[in-house]
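Both complexes shown next keep chain A, but they swap its partner, so chain B is in the first and chain C is in the second.
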Partner chain A sequence: MSGRNGFWALLFHTVFVIFVLAPIVVVCVVAFTPEGYLSLPVNGPSLRWFEALLNNRDFVSSFQASLLLGTISATLAALIAVPTAIAIVRHEFPGRTALLSLCMSPLMVPSIVLGVAFLRFLSQIGLGGTMVGLVISHVIIITPFVLRTIMNSLGSLDSALDNAAASLGSDGMTTFRRITLPLIAPGILSGWVLAFINSFDEVTMTIFIASPGLTTLPVRLMLYIEDSIDPLVAAVSTVLIVLAVLAMVILDRLFGLDRMLIGTNDADKDK
Partner chain B sequence: MRAISRPLPFLLSIPAALIFVIFLLLPLLGTLILSLQDFSLATGIRPVYELANYVEIFSDSYFFDIFARTARIAVFTTLVTIVIGAPEALILMRMKAPWRGIFLLVALGPLLISVVSRSLGWALLLGGNGMINQALMSMGLIERPIQMMYTEFGVVIAMSHVLMPFMIIAVMTTLQRLNPQVENASHSLGAGSFTTFWRVILPQMLPGIMTGAILVFAMAASAFATPQIIGGRRLKVIATLVYDEFLFSLNWPLGAALAMLLFAVVIVVAIGLNRVAEGYFARMYK
Partner chain C sequence: MSPVTKADNTPSASFLAIDGLTKTYNKVTVVDRFALEVEEGEFVSLLGPSGCGKTTTLQMLGGFVDPSAGSIRLEGRDLIAAPPSKRGLGMVFQSYALFPHMTAAQNIAYGLEVRKVPRAERDERVRQALDLVGLGAYGDRYPRRMSGGQQQRVALARALVIRPRVLLLDEPLSNLDANLREEMQIELRRIQQTTGTTTILVTHDQTEAMALSDRIVLMRAGRIEQIGGPEAVYARPANSFVARFLGKTNLFPGTVGADGRSISIGSHVFAAPAAATPGATIVAVRPEKLGFGEGGIRGVVRNRVFQGTQWLVELDTEHGPAIVQRQNLGAVPPAIGEATGLVFEPDAVHLMAPEADK
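Moving on to the complex of A and B:
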């Protein structure tokens, strides 16, 4: 697009930015209130509610559970996605399209339906309310994200590299380890990060399968908000927002957030 | 060049295929079966196979009202994201470095923030003692707080905020493929800014808007966290009703039937809109 933004466009843009940032900023500001109720910190900021948060064992233990769940699930998802992506991108075989649709289908199923399905299924196989059960369900919903980024990486590789390695006497496994894997490593890493974030933030499905003893942070927050909204939940949210902003800056530096989310022009050239 | 069929691709596919069949298709099939079963507090879930739950949902106006409300909220949310998101995508596209990068982070970054935190932000803004009401009252524009929490209006606003990035991504993806010279060509042929936008730019944005609309509608119709926080217990949508049936009423078969119907509606609407869009664009570019 070569056009320029005129006055009205910039005015519209300003209103848009306020709309986007207002709810996020309000949460962060309210979290610093010294009062015992929801209010702006007009008498100066206080860390009182962040202290309360550190002493709240429920929130701290759910935070740890979320970190563990996200790490295990994203790693398993990447381990599943690498061979699948290679099969789909590099090979032609019966059932290839079906496999791709199957692995991408969790994006199409509403989370609430998955929550219901896993609640019943996991309790039937005796994994209800366990970490294993949570990991299984999270691996299913985050694998599409890793699969997509790895497939993009593989698709942009020149397959002549494989032939070159083979002609130099490298066997398939060595070529994979020494040539392909290092080249798709950035794709695996960015997919892992997207998968981790999606696991860490997931609430709709997880609220069905978490148990009182094992709950993720967003679910704990959700259940707390259902009862009451006080500055403590604003403090939890502020921590989540700060973590998200950090992740955003790191992702942007490493891969370019626009490239990860909107897709590169390189991908279009291949078509 | 793709390798010819050998055992290797099958071996590579086995882990994913097994995991997705066992842990995705089986649970979904189980839910479908569960939705046919019968429940009472005295007997629990009975393994019968009948359509009683679906008949109950279709014959009770209580459920109809909730389906209608869910559809209303999803439609308005989709419209708001189109009206705000599509122009904003165009504006972002036209920005130069470094502003483009900065405001892309502002527009898309919220995707990385928990939907619970974002909805909480809207609860703080929209509440009776919330920032918007306090600001309006201190300016003397209103005397009493406007009720925005626990209303469809509030849910639509908060949900539009949550789903806006998806519309912007969809439209920007389409805009990225365009040749910028087309706009210049239009100007050099004597078209004004408005004509250029209406006749040249907007038609090119439509496929992106359509993709975004399908995505936003599907997510808005099945959203849980935002309606639960902003709508509260009084303003039920399908997703929050399913949650109640499962965790409070314990009528799992009825909850499963509601979830399956929601799933079916979302799929049918998405496929339907997709067909309409494809037909339209096929005619347009013939």
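Moving on to the complex of A and C:
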């Protein structure tokens, strides 16, 4: 196979990459403007808007809320998804496909419908506008992501591994701890990351459930641009982009990003 | 080992006693009243075409499939009640099922770790097991960095290191290429004889079964067709299925004379090797026991293949197709299209009851 791309292919890729990256780059540059409106920092860069961001109580608390919500939700989703995936992949039982469809259904239902439904339901049971309410709704919509990656990991395991462990005298719990869990760990981890990102990113549904006292970062950002567009928004975006890139680099160093996102589990790390 | 005395089952004297073992899935019987007694140290093969129930039988022994009926006793102890992890049997899987996140040594040590064997003894036994399978220098390798044959050896060492009462092998050589398979057959036999472990092998390869086993259990459609030593089963197959499955054979329809002392195939009459029951019979003659000559069964050569050490000749005879194998001692067999007679020593034949096939 020749590894060379033709001229047009290269041109297309270049234009495509520019098209995708340009807005992000522009936002990052704009964040450094010293002016009071969205503009390029032609008179030299300034950290004015980052300072403003740090002093903005609403944004800081929303950022913390989003981090906490994403972490708790993704962790709970992973804890739910592991046994569910094992049941679905490894066992035959009545209602197996129904269970799978049920777990995957939040992907099909429009977020806005979920938002309205959760708004009503959570206030009915007295959890409206609380962290618990947010966690419940987020766990439900992000579980499919973890479930999918764990099911992929499990599906690529040789089912004889469990039997082999059993024949060597290993009971079910030991086999899970020493064989299954280490082998599906990459799937759990990549699922967790996907779930966290989805939780952190979710606006459509959350906007219905969040309360003035407890709002996630993207919702706060939405509400903020409703009345004012100033470089603070660009500063928030820049912080998020930098954090995302940092996270990617760390994950890639630790586990290999391709492997995680594709969800295979060649346990290549020779520890 | 306390003898178990259940009202419905007399404790058997043999090492491993399987009786009436049956597995039914949705009214389809895949294993039908399998019964076998195995002596300690014996190497027994379950041989048959795919779908004959041999693998299901092995999985019932291993505890991975629950029998519908029957009993399995190891040294008088009822095995069926025990989960796989408590049976103390070693198993080598067709896929080897090595733990990919563990090195060869860690794989082998696993069974000892869950048994809580002390560290020093564990290391020593792992080392011995690696040496036994000729992988002394490969303990730190991960399975994916090993060849199929090496993985196979690790799987074998892992199963043997726990000193199992019985070793179960599920088509362990089927994923290896032909040369390696032959090498591993010899190796497997050597290791089995060194350790003296009672072994049950499942295979669909008759040469493998004959090369390795003390006894062969031939299965078809869930039932045992014949049990016996390799030479005995080859020389005296119980029926035409067994005869055909264990290598090539010629089957001629024949009749045993009223006195039970002579056999006729068409016009060719010869003395019976032993007293036989008068009436219709099937005369089986192995290809290597047929020769060319005057008289005998008349036939025309359809095809002739030279294979170096031997000639393979296919003929059409008045009693159906025949195949002849002649060792290459210099004589050239009849050419294609030539008419010839097929002769054999009277004691080269084996008589079988006509197939009661439905």
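Rule of thumb we're sticking to: the second predicted complex is superposed on the first by the 245 of 271 C-alpha atoms of A that agree within 3 Å, B and C clash if a C-alpha of one lies under 4 Å from a C-alpha of the other, contacts with A are read in each partner's own complex, and residues count from 1 in each chain.
The rule is simple: contacts are C-beta pairs under 8 Å (C-beta built on N, C-alpha and C of every residue); 3 or more make two chains touch, one makes a residue touch a chain.
For clarity, every value in this text was computed on a predicted model and none was experimentally measured.
> Should chain B and chain C be called a clash or a fit once both complexes are overlaid on chain A?
fit
> Kindly classify A:Thr75 by the partners it touches after superposition: chain B alone (first), chain C alone (second), both, or neither?
After superposing on A, A:Thr75 lies clear of both chain B and chain C.
> Where does A:Ala165 make contact in the superposed view: on chain B (first), on chain C (second), on both, or on neither?
A:Ala165 contacts chain C only, not chain B.
> First (chain B), second (chain C), both or neither: which does A:Thr130 touch?
A:Thr130: touches no partner chain.
> Considering only the touch criterion stated at the top, classify A:Ile179 as touching first (chain B), second (chain C), both, or neither.
Only chain C; A:Ile179 stays clear of chain B.
> For A:His91, is the partner it touches chain B (first), chain C (second), both, or none of the two (neither)?
Only chain B; A:His91 stays clear of chain C.
> Once the shared chain is lined up, is A:Ser156 touching chain B (first), chain C (second), both, or neither of them?
neither
> Please indicate which partner A:Ser46 is in contact with in the superposed arrangement: first for chain B, second for chain C, both, or neither.
A:Ser46: touches no partner chain.
> With the two complexes overlaid on chain A, check the angle at chain A between chain B and chain C, Cα centres, nearest 10°.
So the C-alpha centres give an angle of 100 degrees.
> Once chain A of both complexes is superposed, is A:Asn56 in touch with chain B (first), chain C (second), both, or neither?
A:Asn56 contacts neither chain B nor chain C.
> Could you let me know whether more residues of chain A are touched by chain B or by chain C?
Looking at chain B versus chain C, the one contacting more residues of chain A is B.
> With the superposition applied, I'd like the minimum CA-CA separation between chain B and chain C in Å.
8
> Sort out for me which residues of chain A touch chain B in the complex.
Residues of chain A touching chain B: 1-6, 9-10, 12-13, 16-17, 19-24, 26-27, 30, 38, 40, 80-81, 83-84, 86-88, 90-96, 99, 102-103, 105-106, 108-114, 116-121, 124, 136-137, 139-140, 143, 159, 172, 197, 200-201, 203-204, 207-208, 218, 221-222, 225-226, 229, 233-234, 236-237, 240-241, 244-245, 247-248, 251-252, 257-258, 261-263, 265, 268.
> Quick check: in the complex, which residue numbers of chain A touch chain C?
So the residues of chain A touching chain C come out as 158, 160-161, 163-171, 174, 178-179, 182-183, 266-267, 270.
> In their complex, what parts of chain C are in touch with chain A?
So the residues of chain C in touch with chain A come to 62-64, 83-91, 93-95, 97-101, 110-111, 114-115, 142, 144, 158-159, 162, 168.
> Which of the residues in chain B end up touching chain A in this complex?
Counting only chain B, the residues touching chain A are 1-6, 8-10, 12-13, 15-17, 19-21, 23-28, 30-31, 34, 84, 87-88, 90-91, 93-95, 101, 103-118, 120-125, 127, 129, 131, 158, 161, 164-165, 169, 172-173, 175-178, 180-181, 183-184, 193, 196, 201, 218-219, 221-225, 228-229, 238-239, 242-243, 246-247, 252, 255-256, 259-260, 262-263, 266-267.
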